[in-house]
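Would you mind keeping the following structure in view while I ask a few things?
Labels A, B, C and D are assigned to the chains in the order they are written; within every chain, residues are numbered from 1.
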Amino acid sequence: MAPPTPRVVVPIDVKKKPWREAPLHNRWHRTYPDSEMFFEGELLSGDGGPLDWGSLTHYLSGPVKVIDKEGIPAKPGDLLAVEICNLGPLPGDEWGYTATFDRDNGGGFLTDHFPAPTKAIWYFEGIYAYSPHIPGVRFPGLTHPGVIGTAPSHELLKIWNDREKKLVDDGHQSLKLCEVLHQRPLASLPNAKSCLLGMIKEGSSEWKKIANEAARTIPRRENGGNCDIKNLSRGSKVYLPVFVDGANLSTGDMHFSQGDGEVSLCGAIEMSGFLELKCEIIRGGMKEYLTPMGPTPLHVNPIFETGPVEPRFSEWLVFEGISVDESGHQHFLDATVAYKRAVLNAINYLSRFGYSKEQVYLLLSCCPCEGRISGIVDAPNAVATLAIPTAIFDQDVRPKSGRVPSGPRVVKRTPDVLRCTYDGDLPITMNPGGA
Amino acid sequence: MAPPTPRVVVPIDVKKKPWREAPLHNRWHRTYPDSEMFFEGELLSGDGGPLDWGSLTHYLSGPVKVIDKEGIPAKPGDLLAVEICNLGPLPGDEWGYTATFDRDNGGGFLTDHFPAPTKAIWYFEGIYAYSPHIPGVRFPGLTHPGVIGTAPSHELLKIWNDREKKLVDDGHQSLKLCEVLHQRPLASLPNAKSCLLGMIKEGSSEWKKIANEAARTIPRRENGGNCDIKNLSRGSKVYLPVFVDGANLSTGDMHFSQGDGEVSLCGAIEMSGFLELKCEIIRGGMKEYLTPMGPTPLHVNPIFETGPVEPRFSEWLVFEGISVDESGHQHFLDATVAYKRAVLNAINYLSRFGYSKEQVYLLLSCCPCEGRISGIVDAPNAVATLAIPTAIFDQDVRPKSGRVPSGPRVVKRTPDVLRCTYDGDLPITMNPGGA
Amino acid sequence: MAPPTPRVVVPIDVKKKPWREAPLHNRWHRTYPDSEMFFEGELLSGDGGPLDWGSLTHYLSGPVKVIDKEGIPAKPGDLLAVEICNLGPLPGDEWGYTATFDRDNGGGFLTDHFPAPTKAIWYFEGIYAYSPHIPGVRFPGLTHPGVIGTAPSHELLKIWNDREKKLVDDGHQSLKLCEVLHQRPLASLPNAKSCLLGMIKEGSSEWKKIANEAARTIPRRENGGNCDIKNLSRGSKVYLPVFVDGANLSTGDMHFSQGDGEVSLCGAIEMSGFLELKCEIIRGGMKEYLTPMGPTPLHVNPIFETGPVEPRFSEWLVFEGISVDESGHQHFLDATVAYKRAVLNAINYLSRFGYSKEQVYLLLSCCPCEGRISGIVDAPNAVATLAIPTAIFDQDVRPKSGRVPSGPRVVKRTPDVLRCTYDGDLPITMNPGGA
Amino acid sequence: MAPPTPRVVVPIDVKKKPWREAPLHNRWHRTYPDSEMFFEGELLSGDGGPLDWGSLTHYLSGPVKVIDKEGIPAKPGDLLAVEICNLGPLPGDEWGYTATFDRDNGGGFLTDHFPAPTKAIWYFEGIYAYSPHIPGVRFPGLTHPGVIGTAPSHELLKIWNDREKKLVDDGHQSLKLCEVLHQRPLASLPNAKSCLLGMIKEGSSEWKKIANEAARTIPRRENGGNCDIKNLSRGSKVYLPVFVDGANLSTGDMHFSQGDGEVSLCGAIEMSGFLELKCEIIRGGMKEYLTPMGPTPLHVNPIFETGPVEPRFSEWLVFEGISVDESGHQHFLDATVAYKRAVLNAINYLSRFGYSKEQVYLLLSCCPCEGRISGIVDAPNAVATLAIPTAIFDQDVRPKSGRVPSGPRVVKRTPDVLRCTYDGDLPITMNPGGA
């Protein structure tokens, strides 16, 4: 019996600009003529998920057409079981960064409190990450791809575009979230600017047609996509619905580590990485296992199984939040408001231990913290909790009698987070260590 | 050195009606003349957290005034560290129930999908619970008190009453949640009906004054209260702000087990139980450790540390939801809508394995499932996930090629969930085993 | 359907001397006329596993005859599946002790290094134990019965007595262990002295016959017995072979916590406790599942499944030992010698952090440390490891650059372990807190 | 600040025969003229730990001389803290094997029961291993280097050689282990045959001198060495004593996975791999933290801390063994005999589920099972346990009522373990998939 041999299907040269890399794309669409072919069960290796930044997000590898051993492609209505076999930073490129964007450039969950762009660089020592910009913490990464999804059918794409356009058209008056969230973009509608479609020549009529209707990759949708679920890590398996022949699987946005919610938006530790996948086609599985939650059979969501090697922590410090916003206004069972308050509580608390609030905001975006919906029925207060493993700190951060933590740390060992210019000033392929 | 001896401070006789039990109350107010005294550091044992049901929720034990070894009570601005030392069902009463309420009687998170009242009885075998009404599952309990909190000050009580009244006054037009949630009560304002105030004589002038302003116990607020956080279990420690002299700690609503969100409202496994606590006063700790998130210094939330004996599971099946509701309408980063969809996805999925949807709804309310806020920044879709430990089932519930799970189970071993009358028909102190 | 109701089958009054308690016994024998009856599947509750001490060990509750719902007892060749449903200290008696014996009174694993008797008292705070005699540590208990087993048949009893007598007769010259182990008793042969046989009248002819052939309870054997396996805790299930009609299940020797190996002999935290069991008879299961490892079909060993609520630790400090003894003598793949060295290494190491070696010896006997056979094939050195969870200490006990741990602790907060008289001076039923 | 960059210090070409690879050696000795230099704190990467087999074991990479940032080497008496940053199979070579040797060629722990050589090939799918020769199991690897150690001083080397020679000279009459263990080699004394000393020319006078006194690498000793401790995995940190200037760190024998004890001798999943390390010198730490357990200050053992990403399992089936051997002979507190019996019990048990005993023997050597010393004081029976995570099987292997597991599996899906010739017939660098 021949053993499975991982096959590099999407080689990336991170020294080149992404738009010169043939297999990259940054839009969801049902078809690309240049799909790679991939046999069910085979190990698929991509040796360089590209970095993710700015207005171009996300550069995706693929799409890969999945076929079974008889050569029959995955079909609409099938379920594609994708196992995350292995993944990690690119050898020789063991670093990443986490950042917040300017309020006028996308912002983040707490952009009203933290309107300025900042970033922190993280270095990897095997399973661990540490940052000179946020000293005194070190944690094992729960490494995962931020984006993994199948291509939408024409019908599903139309549903997406219609409902998101309606949201934008209805505008902010329909919203109840606290003021600052209102100021963030409501949705990113199709836009030919910066559209990257793999081998399809920019400016061609085919390119124009697709670029003007293909979906942006920012939000998670029915096809999976930018889920940013930190537990889609080593050994996990995600079941994706198939909407087009071959499934056309795309992936990218490699994260060394991320906290639940990825609160600062560009909040995971973004890195260049490799990814190995294995696929199985469950014939008819989409219909068998996924129940539509909407007016069409396409309103489904993926499911997944976690892997067995997630980092173990035994002690967690947990912050609660309820759905009363910072102005004291009572919201009705709003888990988003409750989570916002839990995150703010954690930031304020940890800033007593020698950190600036900007440092903690970045830290909670990328460390292995857990965001929970703890209570969702006891009107009017939803309760959300944010749990932080205490082992990531080199000091005891629990409340104690007789301790006065609120003073500055006696020795501030390293610089604070980096201040950035408006457009992010994000590192791309250079190793910033010398900066 | 004298060893610590747990002292029973709130003895309960579950055979009697709660309103004949002196120390019970079901409202938050700053003072009761009959507070028990409790020394800091001492083990406090309550031997019968009363059952919780219907319009009277919740019957609380206490309040207990906490003083230090010099006899000085906890003061406003202190932090009360309460360790959950031990807890469990009352010996001889090893059973509980989980229920949904009628849509017109409080409803639940999914009351638009499940408008009728149902219940299931659970029996305990040591750490495990099983139900004849939901066969084929058995899980260890993460036992916890649903309610634990300190008494509000006069000022804090006014803040609560004002903001919740405003919510009710503004009415449903201010809300954006899908229609059915609108039909649930927005808040439970102070109401003298069924008010229970311990030893204060019902109908007395003192009783009337308090009953008309004291807060209902349904929602979690700044004082802790009905947090329904399943991880407040054995060995955990919660840090509660102190608003009145002595802290006036109350607790109750014992849960043998609960899922994150307690989605069916009366969704935990409600039981009679005992609880042992130990307290430490952190002088000035509220100001030191909690940062107000609102217009007054009182807008704080408790924090807690988890305990080391939570049940371990290594395999989880995870359901995703995004903030598009069942009608296909796009919401903006709404974690409540996303979680609702994740829960519905899980219910639909598991109903393929021989269960009715009502059974799964009750099961997800009380089994040790985890609700996560996975993505909260990628506009417009919030992503929530619901993770279910697969080990609680006696069958393999993962998706598989070539399996046809959607047929009925060959042998339906036991009856389905029980249908109830409008007002719940909930068991109280009788052991319902013979029913 | 009637719910299962735990039934107290062995009530104990710890205020009385054990030999006045009818159901207690301290010998293994195939039959007692006063066995309790117990239905398969029923919850069996013993409300006071008696304390264990001195030359009388162990006082066992039972034996209990197990029968199925048709009234047919367990039969030889069956397998008895016993689930540990619940257990804990007796309410009101939340304390225990750990001790070493005098070298001439039984000694312990390291009696050559620690020949004098010592003890430490532990108090329980819910799931945690702490001791005034070993300050600065606190840990959750992995509570378990030290002894659980079925009665031997006549044939099996004879095998035991013959092989242990042969060991004693062959004497120390046959041994290769380092000198000091030689000085401990090789085995405890049947002995009528202090024999306790439940309701059988002491001195009667029946008593004499049994007392002179019944097996002492010290060692673990084919029937289970004094396994001292700390993982036989809440939620675990042990499969015991059945050798006599009804199985005649006995249990006792309640431990609040124990380290692997229970190195100081009376090394677990011994306590008064209660225990709830549930039984299932697997007909023919002994033959089906257990393979004899010896000349008769009786040479079998129990198997068990662990429970899901063992305390979680994420950081362990691990000490290695090889099979070279303290004199530098090389032994051949001897895991006992290797483990002895690992334990000594741990004691020496931890004594640098402000503890006496006697304190650490007691601590390693009762804290949740893990003893592993790591290497058993690479001649001539077996490798054993002892892993200690660092979270049980209130200081960081890991090696560090530039730290000088070996000095005395600045403040010695409490007294050291208690020195005892020859015969142990062990507390029995009095709460020693006032001592 | 410059980021740490892993530096390849020991490049290996697995296509070449090991003895043509300059930096490899297979003996412990205090000095080699060709040590690599390595700065404390730097990440050290070896990109091909060679395969391990037959009479030449083990091919080690290094030695590496460790110096601090001032250029001062580690000194005798220091402690070398080595963090296992990352490790894994060589890309493109994702497979390994586990094997038993012929009884006359080294044997294994159970060579009396399994005298013939066998092997199984394992393929890796990311974190998982599976084998066509042992179907129905799949498990995540706890990948680790089997060998990691520092060079011995002249004095320590002499202690080793003396005590092992004495063992061989005293011969088998000094042993008490069951007969078959007697027939295994007692120790592997220095032997110039097949000696490999890196760049030192074979046959030169220097080579001859060293080859005749350097220690074989088979057993674990004071310097660490062939510990075969499966928990020395990703994120763990081992503290090694330093005996010579520069420490002279060597490592190799890469294991994808191993069970406690590695019972079949060549029992781990042996593979080609890479390893990244980071070192810190704790000056004086050997004297500070390690206490000699023997006649000289050199009789010490390393200690280590486990890492946070070990695979999680929540259900274990545990087999017990006592120190009575297969002939029924009673041994005195012998943990080796007890563990042997526990392993045999497990093999016999699992062979009821469709496996040959040879398959289970290999499986228990390499799957993540845990071997515990559970009881070591209750004379005369030591108790050892072997715990197997049930999740590695694709069938339920727990005892059940009414099941007849002992019949053959209906479908034997793949061939059994491979039979080998006397000298192992082990694969080396060829991918055996086509075989």
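Just so we're on the same page, a residue touches a chain if its C-beta (ideal position, glycine included) is under 8 Å from a C-beta of that chain, and two chains touch if they have at least 3 such contacts.
Heads up on the chains, UniProt names are A, B, C, D = Formamidase.
The structure displayed is predicted, hence computed values, not measured ones.
Student: Any chance you could check whether B-D or B-C wins on number of contacting C-beta pairs?
Tutor: B-C
Student: Matching residue numbers in more than half of the contact pairs is the bar here; say which of C-D, A-B or B-D clears it relative to A-C.
Tutor: Repeat of the A-C interface: B-D.
Student: Taking each chain's centre as the mean of its CA atoms, how far is subunit C (Formamidase) from subunit D (Formamidase) in angstrom?
Tutor: For subunit C (Formamidase) versus subunit D (Formamidase), the centre distance works out to 31 Å.
Student: Centroid of subunit B (Formamidase) to centroid of subunit C (Formamidase), CA atoms only: how many Å?
Tutor: Distance between chain centres: 39 Å.
Student: What's the distance between the Cα centroids of subunit B (Formamidase) and subunit D (Formamidase), rounded to whole Å?
Tutor: 50
Student: Where in subunit A (Formamidase) do residues touch two or more other chains at once?
Tutor: 308, 312-315, 391
Student: Sort out for me which residues of subunit A (Formamidase) touch subunit C (Formamidase) in the complex.
Tutor: Residues 312-315, 391 of subunit A (Formamidase) touch subunit C (Formamidase) in their complex.
Student: Where on subunit A (Formamidase) is subunit D (Formamidase) touching in the complex?
Tutor: Per the touch definition, subunit A (Formamidase) meets subunit D (Formamidase) at residues 1-6, 43, 83-86, 88, 91-92, 94-95, 123, 125-128, 132, 140, 234-235, 276, 278, 307-313, 391, 431-434.
Student: Inside the complex, what are the residues of subunit D (Formamidase) that reach subunit C (Formamidase)?
Tutor: 79, 81, 108-109, 159, 163-164, 166-167, 174-177, 181, 184-188, 218-222, 226-231, 239, 260-265, 267, 280-283, 285, 288-291, 293-296, 299-306, 308, 314-322, 324-336, 339, 341-342, 344-345, 348-349, 352, 370-385, 387, 390, 398-402, 404-406
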